[in-house]
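Shared between the two complexes below is chain A, which has chain B as its partner in the first and chain C in the second.
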Partner chain A sequence: MDSASLMEELQLRVRELEEALAREQGGGQGQRARIKLMSPEVTDSNPYSRLMALKRMGIVKHYEKICTFTVAVVGVGGVGSVTAEMLTRCGIGKLLLFDYDKVELVNVNRLFFQPHQAGLSKVQAVEHTLRNINPDVQFEVHNYNITTVDNFQHFMDRISYGGLEEGKPVDLVLSCVDNFEARMAINTACNELGQTWMESGVIAANIDEKTLKRKGVCATSLPTTMRLVAGILVQSVLKFLLNFGTVSYHLGYSAMQDFFPTMAMKPNPQCNDKNCRKQQEEYKEKKAAQPKQVVVEQEEEIVHEDNG
Partner chain B sequence: MDSASLMEELQLRVRELEEALAREQGGGQGQRARIKLMSPEVTDSNPYSRLMALKRMGIVKHYEKICTFTVAVVGVGGVGSVTAEMLTRCGIGKLLLFDYDKVELVNVNRLFFQPHQAGLSKVQAVEHTLRNINPDVQFEVHNYNITTVDNFQHFMDRISYGGLEEGKPVDLVLSCVDNFEARMAINTACNELGQTWMESGVIAANIDEKTLKRKGVCATSLPTTMRLVAGILVQSVLKFLLNFGTVSYHLGYSAMQDFFPTMAMKPNPQCNDKNCRKQQEEYKEKKAAQPKQVVVEQEEEIVHEDNG
Partner chain C sequence: MADEATRRVVAELPLLKTNAGPRDRELWVQRLKEEYQALIKYVENNKNADNDWFRLESNKEGTRWFGKCWYIHDLLKYEFALEFDIPVTYPSTAPEIAIPELDGKTAKMYRGGKICLTDHFKPLWARNVPKFGLAHLMALGLGPWLAVEIPDLIAKGLIEHKEK
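Moving on, here comes the complex of A and B:
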């Protein structure tokens, strides 16, 4: 590197550090101002320009609606933290984050977190990073375990009333948890409330149980696998909220073989949960009342690439 | 002030600011110390514990080898920046980053970057964020366009000699660029050097060209699509470097339909590039010399979930 460009690098680094320091000291420099209305204007300073282009391209009819939606993310570990980040960058209206875990160094090399966040609650660390990325998004964080009796009631309340407009329900609940109890709690709450939710999960396959049971061994997965699952989940969220493309009922990903099976999962008509059975009935009635859909096939036309 | 002393002044200021920032972020506890050897020890403070668990689980035989590899990422936009982040969190030995673009606010709501980084070169912004995430990784950044004659020669040199041990070639080149010229430059360089590389790309399909050609319209894609592509790319990189699972020849992803086609892409035996034809010959000879592979099918056994 020659001395002129080294000098330039140094000057940029000084500016970057000054801004970072100002932010830490509460000066608020470096953070962009909040934006009231998503503009389709094509300028380098419009943070929504590239997203609004999806509208002009005819992929999404009303991209700007994204900022009217509220999504609850339950569990902000490997899948949930990246899910929340993507929704934040997309300009979601409000995020409710639930988790009771703390950031440990052990998380840093796989996930979203940064070394200096070790010791913070995960929801707090996520909120801090994301608020800085997009100040337009509203955050509500709950640092508790949703499966205890008191917390479960509070969780139900926030799903019911924690929408962008206080008192309205959230639009979607995302299950990004890593244990059966929490998964069942989300399931129970959403069935009772008639709340739409999406499940995500990462499981370790092809493992010798004897190996797994040896002392000190825990099942884990590659950060890439988690990010792929988060990417698939948020893609489905955007399709569902903004009404484009096909939302798969179930989309799998087998990391070892690059296999992505899709399937429809049928509910159990004899389910123990009476609210589940009630939702099944309501779904059947809604389906029966709908006019039949006409499927129009389109040719795919490849016109441009975008990697930047 | 002459340029040498101005430089010294700037370097002092950088150090001063870095120290002040570290103090603000928690008494200098911010950045973790470098780690010489990846330990399989299961503690919350071991950043590689969860990754090394992949080894004990029998998925990856020698996970710790990851830190011996060098990967060059060409283009650190939507796909490249996230690719570099994942490799950093996984503990790659060295990353070479090539890009000539600057961070604009327009990038922030889609990609990896943060608002306060607007104005920095993309490679510099990526290096700064990633160095903080994992200080064990070595970075070498080049803020230039690889397609100009001078830069192309320098790019070839760094691919040939920029490995973890200076003078050795890199282990893998990743093409994360968004234009045909850069893609061809990577292709030409790697064919000439006999260097393994992987391509990635995001294209806009299903779009009416008339819409696209209207003033102010540019093709773009959802951040979720880019992250999925990056996830697929890095998963393939890990499989290739650490020798596990199946590396697909070509893996596609159609966002609208959740369709992931895999296929083998055959090279053109009449390719204009003589180095491409040479590589084809060498590949054929290598294949012919290899013993036939015996494929052993295994039952998938699901034993544990991991989302956290």
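Moving on, here comes the complex of A and C:
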């Protein structure tokens, strides 16, 4: 073969490889365009057609309102990352994500994160994956620990002003953390701001204490339990935001026996937190002013998964 | 439960009175004073018992603390730098002490070198809010952790004395 035709062959091959690379990097194919209005049209290319069916079936009055809401997810580990994914697929307006941790291979046993993301901060990994799934959702991520004094103030500011329209508060805060300190911090912030929030978690209960592992090494960290709890949580979020169905004060799932207990927990009138007592007062006044069933101002929900 | 020796040490520590966290302005200043008083007393007691094992200081606001601790094993003195932040929900929640240079060397540690305390520490702390303070955290938290972990790490060859 002479050098001219060899050159031509190589140039052709380079062009082929460049095109293949462009496709791999998701330039054109594999990414969908942004959609301005949610349409109920049942076509294969409408990513919202199945969700809008809720409206057609009369279950949800205005499903499309989902894109006007902002939800803050604190903790994007096993439960939080999947929660964020579900909300993204549902077409939520904006997600704020908070987590100080990095992705590690040990996390990959329970969904969402992929091995090639090891080393990235969790919030970065989640944002990247979810932006590709639904480019209509707005994201704001913060890779810090909310329990320090400096970060806590910033956290409270973002809850207060980080809504879809900057300056407005978020609509809901979801606690998907794995430790008491962070839960207390979220609780403190929401009591002070009068912010509605929902708690979620997984615990191993009714087993020999000596086998109980500590935070970060939880025995209930299966992809199944995480997704179940996230599913229950997001279901409650949808019912709360879109005003349909009943939102339980507490919904649990006992994995070993397949049992879903619900119950209501009352606030402690002698709570140490003066903001909590203030919220209780305001709730009482509000309830007294309206004799019929009202929307709860301060609602706390726990979605627990009990192993045995 | 803490052993007899630890219990005796803790019994000598002054209990704190002000229930204030780092966001409580003037009350926090008062709490900080009490923290320093308790720490000074604890270090004094330690010196008298020939067991001076740590130093601690803080930034101006009292929200970031750092220092060092020592552990004597086989007549050799091992020194470690330590640090921690005061969480916003202090004193309801105890701070998490970190020894960055030991990060990754033991399973009893979280990311960034935060030491993992026993299952008994947090309930014990919770039962004594707000009377326990940083001195108690050192005596009931870091002290026992070092006593268990350092000999183990030395035996495994994961830490070497600086003079070696």
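As a working rule, the second predicted complex is superposed on the first by the 253 of 308 C-alpha atoms of A that agree within 3 Å, B and C clash if a C-alpha of one lies under 4 Å from a C-alpha of the other, contacts with A are read in each partner's own complex, and residues count from 1 in each chain.
As a convention for this text, a contact is a pair of C-beta atoms (placed from the backbone, for glycine too) under 8 Å apart; a residue touches a chain by one contact, two chains touch by 3 or more.
Values in this document were obtained by computation on a predicted structure and should not be read as measured data.
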item	value
First (chain B), second (chain C), both or neither touched by A:270	neither
Touching partner for A:148 - first (chain B), second (chain C), both, neither	second
Which superposed partner A:251 touches (first chain B, second chain C, both, neither)	first
Larger contact residue set on chain A - chain B or chain C	B
Partner chain in contact with A:184 - chain B first, chain C second, else both or neither	second
Partner chain(s) touched by A:101 [first = chain B, second = chain C, both, neither]	both
Chain A residues contacted in one complex by chain B, in the other by chain C	101, 209, 212, 214, 216
Chain B - residues contacting chain A, complex	3, 6-7, 10-11, 13-14, 17-18, 20-21, 24-26, 29-32, 42-51, 53-54, 56-59, 75, 77-80, 82, 86, 89-91, 101, 104-111, 114-117, 119-121, 124, 128, 132-134, 143, 176-179, 200-209, 211-212, 214, 216-228, 230-232, 234-235, 238, 244-246, 248, 251, 254-258, 260, 262, 298, 300-308
Residue ranges of chain C touching chain A (in the complex, touch as defined)	19, 22-23, 61, 63, 85-89, 92-93, 96, 110-111, 116, 119, 122
Touching residues on chain A, where the partner in the complex is chain C	101-102, 147-150, 152, 180-181, 184-185, 188, 209, 212, 214-216, 272
